[in-house]
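Notes for the one structure printed next.
Labels run A, B, C and D following the written order; every chain starts at residue 1.
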Amino acid sequence: MIIVVRQDGSDKLKELESMLTSQGLEVHKVIGEEYTILGLVGDTRNLNVDVISANEIVYKILHVQEPYKRANSMFHPTPTSITVADREIGPGTFTVIAGPCSVESEEQIVTIAKKVKAAGATFLRGGAYKPRTSPYSFQGLGLEGLELLKIARQETGLPIVSEIMSTEMIDRFVEDVDIIQVGARNMQHFELLKELGKIRKPILLKKGLSATIEEWLMSAEYIMAGGNTEIILCERGIRTFEKYTRNTLDLSAIPIIKKRSHLPVVVDPSHATGLSYLVRPLARAALAVGADGVMIEVHNRPEQALCDGKQSIKPDDFDGIMEELKPMAGLMGRSL
Amino acid sequence: MIIVVRQDGSDKLKELESMLTSQGLEVHKVIGEEYTILGLVGDTRNLNVDVISANEIVYKILHVQEPYKRANSMFHPTPTSITVADREIGPGTFTVIAGPCSVESEEQIVTIAKKVKAAGATFLRGGAYKPRTSPYSFQGLGLEGLELLKIARQETGLPIVSEIMSTEMIDRFVEDVDIIQVGARNMQHFELLKELGKIRKPILLKKGLSATIEEWLMSAEYIMAGGNTEIILCERGIRTFEKYTRNTLDLSAIPIIKKRSHLPVVVDPSHATGLSYLVRPLARAALAVGADGVMIEVHNRPEQALCDGKQSIKPDDFDGIMEELKPMAGLMGRSL
Amino acid sequence: MIIVVRQDGSDKLKELESMLTSQGLEVHKVIGEEYTILGLVGDTRNLNVDVISANEIVYKILHVQEPYKRANSMFHPTPTSITVADREIGPGTFTVIAGPCSVESEEQIVTIAKKVKAAGATFLRGGAYKPRTSPYSFQGLGLEGLELLKIARQETGLPIVSEIMSTEMIDRFVEDVDIIQVGARNMQHFELLKELGKIRKPILLKKGLSATIEEWLMSAEYIMAGGNTEIILCERGIRTFEKYTRNTLDLSAIPIIKKRSHLPVVVDPSHATGLSYLVRPLARAALAVGADGVMIEVHNRPEQALCDGKQSIKPDDFDGIMEELKPMAGLMGRSL
Amino acid sequence: MIIVVRQDGSDKLKELESMLTSQGLEVHKVIGEEYTILGLVGDTRNLNVDVISANEIVYKILHVQEPYKRANSMFHPTPTSITVADREIGPGTFTVIAGPCSVESEEQIVTIAKKVKAAGATFLRGGAYKPRTSPYSFQGLGLEGLELLKIARQETGLPIVSEIMSTEMIDRFVEDVDIIQVGARNMQHFELLKELGKIRKPILLKKGLSATIEEWLMSAEYIMAGGNTEIILCERGIRTFEKYTRNTLDLSAIPIIKKRSHLPVVVDPSHATGLSYLVRPLARAALAVGADGVMIEVHNRPEQALCDGKQSIKPDDFDGIMEELKPMAGLMGRSL
């Protein structure tokens, strides 16, 4: 860490230096014309940056290292593969998670599950609880939705991914689902993250719609700090001024994650854009850019879906996407 | 609501029309050269927009009305005043909520409470639970913090405002605090909003850092739909590309809220900018733009604050702000 | 176009209606409970939207059609191919434009031109005039830079692409370069666009860093309205809150452009991200998402480049990118 | 400046150090566990940051000082006042620039000029050339507009402010107007800025809609570097995701400019929001936050304005705003 201090106030500077050395840090001082630079050597993790930056002689604090540790590739250079029900998620594979936005009925979820399995999907997604902007919109089937997902799993063998909404649901989700999804709006629901750190179940952590890549990795760090290290990151677009799409999918985030972290990362083109005709080209681009998988919304009757039908594709289109992805996965050195 | 449909597919159009009329709506059709426009008359609140927009002949759906009802000034033209411990929050008053980012000790919170009361603040704020980006940062004193806030209330008579983090804390917060704050990161924690709708305690609802004004009002609507109508909105900046400030305070939001809603709205310049020297000018601007109050971070020793010291001002500066606000409140027709 | 008017003020409504019909439009009225909807049939292109929206009884104006005409695929459904020096840019090909950020010397530009040609690039890029945030940064060699580009063209046969900065330079650019680039900061330099509409030379139009897709197409429309229809669009990232990358490359824009417009579109991953290690994965993603080409910064000695070395790749890396793109181009049905 | 380099590659580090010392800089080295920090003492202005950051051993470059010099309050601590036709713009005054978006006719501009003068405005604004998103929108009267502005100036004595669009217009603008406005879309039209640095006429420099405060000051620096130091900054909102307003007015920028720079700064609430009912509260907020003035769009018949009528207020409303601003200016220590 580097602390830039103003030239005036030498007493305050002495106080600051002795505080820093008392914490076991070496302080190297470079005296410039307008500012003095303090270069700190040692473990600065426990330093309270807020306290230091509030010091009136401090002009700027410059961070040399990334603030995440367990999620950081520097301390864990080998890419992590996560195994869920005998399926590997990570380098060498391309995971396809498919299914409807929300579970609506047994017939619906089982039909879709069979279709996406036949096309080659390896996980089934489906929402039992739905975060909706309006209190007047369909909120999901709740516990009944989880039961229906379990039936679909039994019928197809596909492990299931579903979104958790609050801490009270954790026990039930650990029991029922194979991967617990944390939605974009909950990426900084820190109480939830802490509790998920205590369990042993893979977490699919979506990027918040206004989160930076660093904040996203810090949210993974929250869960990992608790001991649960099986995190799959999921890019799903950020909020920008562009109006054609619901959000702007940031595919640059994938190679950045690959460089900065060891965690696997997948892409959700359906929620990112909100437009079904963009799913196919963006699924191809996700594979080409180096993602470990995609999550795609598939509904047998999009025009009757109880939520987000506009972004859902039909099973036939899903077949087409899978056909396009297969040869490209070969080029990328991934099995599909 | 207006539905724009493509010219082709007349069978599908008939189906759509009969679905709409079956829901008790009048459908008025305007046939253009490239598109047909359906103007709907009647209550469209229960219409599933997702279903309609997923229909392949539908090109666009255009909303005429705002989606919020209970928060909407159209259906409730008189501005709402909320009374908390004999203090009015709303038209004619200017509420000043002051206190530290987080409660650190009895001595700290009582000292600050006395100082801000002497300067004219009418509410005390203080965090017992703190949402922090890093799991390694100070997370607040928790329940002990609530106890210390109650001591400060007893010593000064100031009602207290504190942030809730998850649904399990609700009973305790109803018991202990006077206004329950929902933080920016939880603005769309819908399970929490639904539960807060069931209680009878005023809620201070901060705008999410990537929320639109409409989404913010929809979050108020969530709470109001449950029956709890005492909502105080709080503008605290949105995330933009600007780097000097932590967030960009959107003061235009205040007169917009005043036009679109009947709810009172206050401004938090401390969290919005993250820089203490901006608090004073922005507090003046908040009053001038028509806000019903401000929320200001005050710490007796900012350079030792356990969080966000950089944005805290000292009690002396707070006195100065209050002195500047008083004559300006007179011009604005508000008592302070 | 749809105009939503408030219920009150029937005289003003009559005035508005007669104004609209006097312009040759049919006005269809749908009277709702709170609003009246006017559906307009006919050519609304010459209607002054500003005048109408300023009318106090007007609540909202809703646009049914896109505002661009000549750039719109609705009126020109066949994708446009642009031929420059016997090279086709558009469907079926994948154009690779490569070269340094700025031209620095004859030795530099000729060396790089030879290398990128050997690797398979079909156009040479190089800046003679550079838009720099700081007046103290290197501003480009100017006219001398254009001369050196011409030498490199002669040596390699590669047509050249270079950025124009203001209207006075147009004659010289028409004379010297094969494709005139309009940079992101000039995307709404309307005087320049108007003048470029009068010439006959292909234009590479970069998206502005805060431009919507609609505004980008409207800037193409400015040039096309003048009669110059040979426009190649270039996506180069938009400004967001994310800090790891310089800008956020919006690859969703490519399939959107392909749906809304007939113009060819290429991607510039170098300027979008500002980081050389992101160029290769994003070039692959650009191809996979359906772009007609890429523009890549290549410098023989990035660590000595006079501008933007951090985002430049070396000729060897460029070879590697080309090797990866070739089989993928085959899958995408494009020749490289 | 601080350069953080990776631990490996000691030969490259030696090369870098000797390059830096050869430029007259002192290099202080702090060797950490994972990185080495180079603190530079001396004038780093001529250092090519691009070259250094492209060096493969360089991990990060951290800037201690702001990149602007002539616009920086550190080197020019006294606030600048600019005198135009005997009117002071700067500390102690509150400048009101009012008039229509575009000049439409002699009758229009003279009528409005007389009204705003009577209400207390001290400058007349009016567009002769208009930057419009669509080539099919009204583009302004051009030279005829300038002539009409001169007539209005003669009739009222109000100095005139008008927007320039390209370098060829400079001579004419120097001749005709009192303050040359550079619009938001031209804030980084660097060729224009360079040419404006060569003249002696005050410049009103609007902030670009996606410009950071630092980039805005760097654009001022471009003009000042050429020798023209009479710059008035104008905040007019930035592009964000919020949809109610055209742009988000950033009033925090005003006290930041006051701290970082010595230049006067005014606020344009009309263009920032695009909504006339927001002009009054935001004009009050601009005064309260410390701005040196406001620029307000006034039209005698907004519903017939040829551009931007929706954001224009009527002369009567303008009277009302001036009445509200007067006592508040007194509190702020400014004459109006």
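In the analysis below, contacts are C-beta pairs under 8 Å (C-beta built on N, C-alpha and C of every residue); 3 or more make two chains touch, one makes a residue touch a chain.
A quick note: this is a predicted structure, and the numbers were derived from the prediction, not measured.
A.B. asks: What chains do subunit A and subunit B have as common neighbours?
C.D. replies: Under the touch definition, subunit A and subunit B have C, D as mutual neighbours.
A.B. asks: Looking only at C-beta pairs in contact, point me to the busier pair out of A-D and A-C.
C.D. replies: Higher contact count goes to A-C.
A.B. asks: Which integer distance in Å separates the CA centroid of subunit C from that of subunit D?
C.D. replies: Taking the average C-alpha coordinate of subunit C and of subunit D, the gap between them is 27 Å.
A.B. asks: Rounded to the nearest whole Å, what is the centre-to-centre distance of subunit A and subunit D, using the mean of the C-alpha atoms as each centre?
C.D. replies: 39
A.B. asks: If you average the Cα atoms of subunit A and of subunit C to get two centres, how far apart are those centres in Å?
C.D. replies: 31
A.B. asks: Among all residues of subunit B, which ones touch two or more of the remaining chains?
C.D. replies: Those would be 210, 239-241.
A.B. asks: Which word fits how the chains touch one another: line, ring, star, complete or other?
C.D. replies: complete
A.B. asks: How about subunit C: which of its residues touch subunit A in the complex?
C.D. replies: 210, 212-214, 238, 240-245, 248-256, 259, 272-273, 277-278, 281-282, 284-290, 324, 327-328, 331
A.B. asks: So in the complex, which bits of subunit B are touching subunit A?
C.D. replies: Checking each residue of subunit B against subunit A gives 45-46, 48, 50-51, 53-56, 67, 131-139, 165-168, 185-186, 188-194, 208-210, 215, 218, 221-222, 225-226, 239, 302-310, 312.
A.B. asks: In the complex of these two chains, what residues of subunit B are touching subunit C?
C.D. replies: 2, 4, 28, 30-35, 37, 39, 41, 59-60, 62, 64-65, 74, 239-241
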